[in-house]
Amino acid sequence: MSKQLPPAHPFDDDKLKEECGIFGVVGVADAANFLALGLHALQHRGQEAGGIVVHDPEQGFNSARRMGYVRDNFTSAEVIKTLPGNVGIGHVRYSTAGNKGQTAIRDVQPFFGEFSMGGAAIAHNGNLTNAAALRRDLIDRGAIFQSSSDSECIIHLMARSMGRTIPDRMEEALRKAEGAFSVVAMTRTKLIGVRDPRGVRPLVLGKLGDGYALASETCALDIVGADFIREIEPGEMVVISAEKGVQSHFPFRPQPSSFCIFEQVYFSRPDSIYGGRSVYETRRQIGVELAKESPVEADLVCPVPDSGTPAAIGYSHESGIPYGMGIIRNQYMGRTFIEPTDAIRNMGVRLKLNVNRALIAGKRIILVDDSVVRGTTTRKIKDMLLDAGAAEVHFRIASPPTAWPCFYGVDTPQREKLLAAQMNEEEMCAHLGVDSLKFISLDGLYRANGIEQGRDNSCPQYCDACFSGEYPITPTDMVAKGFELKTAG
Amino acid sequence: MSKQLPPAHPFDDDKLKEECGIFGVVGVADAANFLALGLHALQHRGQEAGGIVVHDPEQGFNSARRMGYVRDNFTSAEVIKTLPGNVGIGHVRYSTAGNKGQTAIRDVQPFFGEFSMGGAAIAHNGNLTNAAALRRDLIDRGAIFQSSSDSECIIHLMARSMGRTIPDRMEEALRKAEGAFSVVAMTRTKLIGVRDPRGVRPLVLGKLGDGYALASETCALDIVGADFIREIEPGEMVVISAEKGVQSHFPFRPQPSSFCIFEQVYFSRPDSIYGGRSVYETRRQIGVELAKESPVEADLVCPVPDSGTPAAIGYSHESGIPYGMGIIRNQYMGRTFIEPTDAIRNMGVRLKLNVNRALIAGKRIILVDDSVVRGTTTRKIKDMLLDAGAAEVHFRIASPPTAWPCFYGVDTPQREKLLAAQMNEEEMCAHLGVDSLKFISLDGLYRANGIEQGRDNSCPQYCDACFSGEYPITPTDMVAKGFELKTAG
Amino acid sequence: MSKQLPPAHPFDDDKLKEECGIFGVVGVADAANFLALGLHALQHRGQEAGGIVVHDPEQGFNSARRMGYVRDNFTSAEVIKTLPGNVGIGHVRYSTAGNKGQTAIRDVQPFFGEFSMGGAAIAHNGNLTNAAALRRDLIDRGAIFQSSSDSECIIHLMARSMGRTIPDRMEEALRKAEGAFSVVAMTRTKLIGVRDPRGVRPLVLGKLGDGYALASETCALDIVGADFIREIEPGEMVVISAEKGVQSHFPFRPQPSSFCIFEQVYFSRPDSIYGGRSVYETRRQIGVELAKESPVEADLVCPVPDSGTPAAIGYSHESGIPYGMGIIRNQYMGRTFIEPTDAIRNMGVRLKLNVNRALIAGKRIILVDDSVVRGTTTRKIKDMLLDAGAAEVHFRIASPPTAWPCFYGVDTPQREKLLAAQMNEEEMCAHLGVDSLKFISLDGLYRANGIEQGRDNSCPQYCDACFSGEYPITPTDMVAKGFELKTAG
Amino acid sequence: MSKQLPPAHPFDDDKLKEECGIFGVVGVADAANFLALGLHALQHRGQEAGGIVVHDPEQGFNSARRMGYVRDNFTSAEVIKTLPGNVGIGHVRYSTAGNKGQTAIRDVQPFFGEFSMGGAAIAHNGNLTNAAALRRDLIDRGAIFQSSSDSECIIHLMARSMGRTIPDRMEEALRKAEGAFSVVAMTRTKLIGVRDPRGVRPLVLGKLGDGYALASETCALDIVGADFIREIEPGEMVVISAEKGVQSHFPFRPQPSSFCIFEQVYFSRPDSIYGGRSVYETRRQIGVELAKESPVEADLVCPVPDSGTPAAIGYSHESGIPYGMGIIRNQYMGRTFIEPTDAIRNMGVRLKLNVNRALIAGKRIILVDDSVVRGTTTRKIKDMLLDAGAAEVHFRIASPPTAWPCFYGVDTPQREKLLAAQMNEEEMCAHLGVDSLKFISLDGLYRANGIEQGRDNSCPQYCDACFSGEYPITPTDMVAKGFELKTAG
């Protein structure tokens, strides 16, 4: 309902977008400082806005929500001093499905609710697949929604619960929710973490001084100097206080776990640990598998920076073909750079990436990228390399073809915009005009994740719906809107 | 004389700082668009401020000068439309020696002067070694200085010249200047470029559509889609107009060239061409030389991101030791992040870099960095790696020990702050507490620059004063202030 | 819960504060333009924040809420174009009782609710005297409050109503509300206005081109060129659409009217018509009554600018003593001027008012002010006049002693801070150190309002609780908190 | 050369504009605080920009220059702490003749120059009538101008002086200057004030604690609590230091004084003392004279707020016709309010003034305004009054017809835009469509200024060129550009 951010750079449009990062701390002085740092480390999970809520016994609940980067909004002493307290949660977000691509400030989490037993704030990463149905029902029963966010459904369900404590109410509310959700919440004294029964979205626990931290990724524990204890398990709820430590229980009906495999491919930072594995090492191993599955004679292996780098290193290790920086990234690129005029756009400007001409000229190049979504960037990069005199351009993609949208908290284009939903590998190769194009196989991807026998097709070890079209959780709202699920066989 | 920018991040303090990037265009519609793009590509040469001056026959001279990044200041249609014209120059800067480390907006180039034959603007990269003497003399003769910038000396010298044209006056002015200077200037219709007689600072020429561009580096030509023609030669002055093209002459007494070798080591972007060589390839070759000169048994070669990357690749290529990303950089780090409290600082937060623990643990690591200035960062990185469980930490440095300050347009600490001015290699190794520390030799550096026979000690092919203490141009002002030159022998 | 505005100037602290102004239009193109203008004319009723909601058939509901002045927030074409539509409402506010004196952006009206039959927005001027009780009950029943505003109670009551239309729901909701409220609300096509059964707060209706406008005061009709039709009557609800015009009904149990008499004294702009009378003329007549009731020999009658001006003119007319500007106001004073240091504060600076020394020196001065609240300003002005050489200083106050707090939408100090709650007229005169101090009598005030027979003590024609302590509507929440009503007799 | 401020409100366009206010202090701690306060009190003399320069023995010279109001730019502790020192000067400005109506930040005074004997800053109020000639000559001799301001000429003349002290150089420079100038300047320890030989623009001296202050008007002394000592005399130069107090001399050839009479009419604040007279009392006396010269039968005397108020009071006093507020000013009007659309503009909105309909309707109104420049406002106000039902509208103007432009530091329209340059009184009356229109006579104006015998036509006691066309100082530059002086007789 208000100001729209400038469009992100075109090159970024050609990636799937994780929608959120969450962070919470309890039992530490000046919680807001840690929240700002943790959110900064999770900035790659959401760049449009961020929010922090803290509680102090004297000052009560205080919050700040801002459009833009954590480093620009939450690091001044002036802001931090308005956020006193030893417990708090924070959130960075990408955008909202519901709000026509705009992020209004009223949609910026955490959300806060005042209940008869006291206030609570909540932030989540993920997407409720039955949020539209829940919302419709709540409005019919007199709920006033202030945002288009799924989190607000949870707050309203909590408000109508008869539970006597806030954790009880949260349990009751989340049992009505379907979909993917990792949640951090807080009361005046407690930090709460919940991961959905399938554990689609990540959530990890760390020890921070005398207190605790919950985070989307371990890299956020590293930045505050917290020790990584373990991942929150699928279906687990932890209630943490300075006095009683971590209390764990499992309020949901047990289900097979379905961790998002795209976290391994692209979303998580390479220095994070996810599902017990180093994300960097998994990506490097994807490169190794790719080199085994799809070798090609060439002079140089280059990453598409920065996300293709670990797989390119792995490809080079396995193939013995030298690794080099064929494409250089402009490190001062930000989301606010707008290509000024058509005139310039047509002269072939490169705002974000430049080809290392001297290295590329005359060489047969293997380019390793993490994924192909619309294919628009792939084509531009190929053009840039050929302009610079590359002899051959071979693409190796560190994920299988992305043919299906994600409904679990990831911003994906509509299915018809996904190149792999329209064409097979050969058609894509011809369409993109590259000398060869190979995606890693689903089994190869599972092997790179340490599952030697490959994917268990009867009950896949990960959620890989974006590749396979097999959705572990029925996307209720989308089906109601007419989305056609893949037919069996 | 006014607002001070927040301190840059501590880690950046431990690098030498190029002070400026310059860019100019003539003969193209909407010059300001190209200027904004070119300056964006040169942002690594100066992040504190930027300025653009353009001329339009109807609107006259217009300018904008702002503190901060090009992408934040010069990309909105609103700003660009205030800058009409087909000829213009621009500048990005780091800071000023004279102004106690602050950059006041009045110091932001380009500088403009109104002469009896019309206006001219000028921007330069470099440092006049006799600026203080020139300034004192000019003030005695009634000149009013508005800034602490050397460029303003040039404008005043031009104002007092009896030359009949602006290029004539610029020639006369620059003949009085000593030191390192690459200059772009403009009149109402002409773009002018000058490189000092030794060519210390870079300047390149490109063809941009029907017009021309001058830039500090070729990467700025690439971003606007200009074709690289050639470098401006040491001592050359080019006067370029849409009608008459490029007119070249050599107004200065010829001298041996002394290109800055640190451009190859660190300042220039790896995708630029400098002194006829690919900067990336030179850096990779430095890694190769380092591996030859200072081999060590280890499990992994890691760059200190991002400047150590090409040399680390080269070291891996030569040594056969696998290359990996042992340190991950937070890409959302900006200059404005302030560590909020002592409490947090002491908990070991890492705002900018994080160790890839899973990769590092138990391994013998070779870390390749571009240079060691104060040594503060080197020590912190060593600590981070040991904390993460590295078995051994070996540093290999892609430049010789930096033992002397630069007076040619680079921000260097005072000599006593340079670690290499206080200790030899072994002492530094002990001081930093690493398992080994080796710098490339001066001859190795020259070989990596394609000079097989190594450095010509009687007349070095590059300016390497920061390593050797041999200053090709006498630093007049500094000597007057008591700086002691290295004694022969 | 967030950023606090700088403290208003001390001199302004010594006035009662109207808390809100409201404005609405329907049936006009570019409603937002008219809303901005109308709110600008009502700025004296609330300077801390403003909000606008509009509805357009294609763009739906859009809103903007900002801290600060209307002229600074809502006049740029950029903002106005984000607010398309032919129907809309707006609000300016002073601050919130509930929120510890801070105005958080989330408290800025209008409030918006999405109901099953569509959205509605609501803004009000006044105060619900049973808001705390309503809120507690709503929270118990699962309502999530986003603000500390009374308006949100109304929205929640509407959400839980079973009424089939929005006006029906509003009726039902307002029947549960007690207190003073003038409300403007909107649906997708209708503008709604309601005034509480006693009509405590003002609301007027105007014809604006082919459409209509509702406003707190007629001066807001004047600024948009609307013709004043009539006041909304106490207990009246009007539902206005472009098609059906104004439909009026009276949903509440009839009660005697109790218009706020302080609107005549201070809140309303002098060019407004209120209760059928010119506010200016009423104030001038107060001056006439004061001169009759409390004459004094003097040389000059001066207003305390600007609110004392009409009464001072009236006093001069009646007494024959010349009128003059003994105190000059700095017209560039704003709310943001902060007295920088103690040093300066103690040197007697006058940021807002200055004495016209040449006029004052040696003269006997009658100063006419609208009211005395804490008395702090009165004392400072007296000091300034004596410093400037006044021979005598006589205060004449255009309202009776303000001895009781208002609970109907006016920000009043606690009773113990009100000078007149502590002292009688003679004691105040001694306390303030003035030569004489006289307040108008209650009967004189009624006479100045055109009621020749004076106040009807059995059923006062106005609400004058702040003077008399007789509250026409029981302040339920305050009594529950322990406020002691005046005992009869 | 850069950002343009929004256009001021149309109503303000119909006034002459004083171009500057100046203020300086010496010998007081935290000079910047006093400068901010003093400039705030002088804000009516220039609203577009302000600047402050201070000197501190340790921190040297520091300055801040900002577009906008003093209260918004110079009152935060953050800004004030960047401006340490016990001596300083400040300036508020309206706009520049030379710069096409824009005020660029580079034109914001004070100007600073570094001389061989140390730095100096200077700010002035007025206009050099030979500035263009001086500038042309200085440029020919190699001066680089950074602004379009006359002050910069003075700085350059000082730079080229051979004088041994800064006061000496200033003397020498100002002896070359022609025109109207009141100057405040500062060195590291001294405050300097100069008034041109005819004293066209005002300058007053005050005692501020242990130090001194110089100001354009006494109201700026009042705000800081300084005691008014005396006016600086025409042609006087004072050099003031904490140690030696005020040293006075008269460096210029003596000339008859020619104080600007328009300061009495409009520019100065009514609470200031100018030329030994109370500005308020002079204006009131103008009203008295007007009532004597041009009586008319009427029901009410109203000021056009706020500048017509004292004269309206005087008219009422003399005529016995009651005084009233027929026009109410919106006190929240600022310079930034932009009328949003044509639609609204055509509906007759009144952003700044509103008629007090209830008072006006059916009455014969005498409106007293300070001056008529273009006449556009006069006509609008007449229309508003007739719309509101006034029976007759008589204008009485507190100055003679403004028929000639001012070249002494006042922004006047070109002569052909001045209504009084095109028509005589009767023609104006017909043109404006008012029932009567009378200006005070020149002699009446002199009488109101205490000169009983009226104007001395052989040697007028004031500069009244804007009324008489008799310029006491030849406007050299303007004559060179073709301005035709009034022919004798």
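Each chain carries a letter (A, B, C and D) given by its place in the written order, and its residues are counted from 1.
Throughout what follows, contacts are C-beta pairs under 8 Å (C-beta built on N, C-alpha and C of every residue); 3 or more make two chains touch, one makes a residue touch a chain.
The structure presented is a predicted model; accordingly, all values stated were derived computationally and were not measured.
Contact with chain A and chain B alike is made by no chain in this entry. Note on chain placement: the centre of chain C and the centre of chain D lie 37 Å apart, centres being C-alpha means.
We define each chain's centre as the mean of its Cα atoms; on that basis chain B and chain D are separated by 50 Å. Inter-chain centre distance (chain A to chain D, centres taken as mean C-alpha positions): 61 Å.
With touch defined as above, chain A holds no residue shared between interfaces to two or more other chains.
Judged by the touch criterion defined above, the protein chains form a single closed ring in which each chain touches exactly two others.
Inter-chain contacts occur between A-B, A-C, B-D, C-D. By the touch criterion stated above, chain A contacts chain C in their complex at residues 1-3, 61-64, 82, 113-116, 139-140, 142-146, 152, 155-156, 159-160. Chain C makes touch with chain D in their complex at residues 29-30, 33-34, 36-37, 40-41, 43-44, 47, 69-72, 75-77, 80, 209, 219, 222-225, 269-271, 273, 277-278, 280-281, 284, 306, 309-310, 313, 316-317, 322-325, 328, 330-334, 336-338, 340-341, 343-344, 347-351, 354-359.
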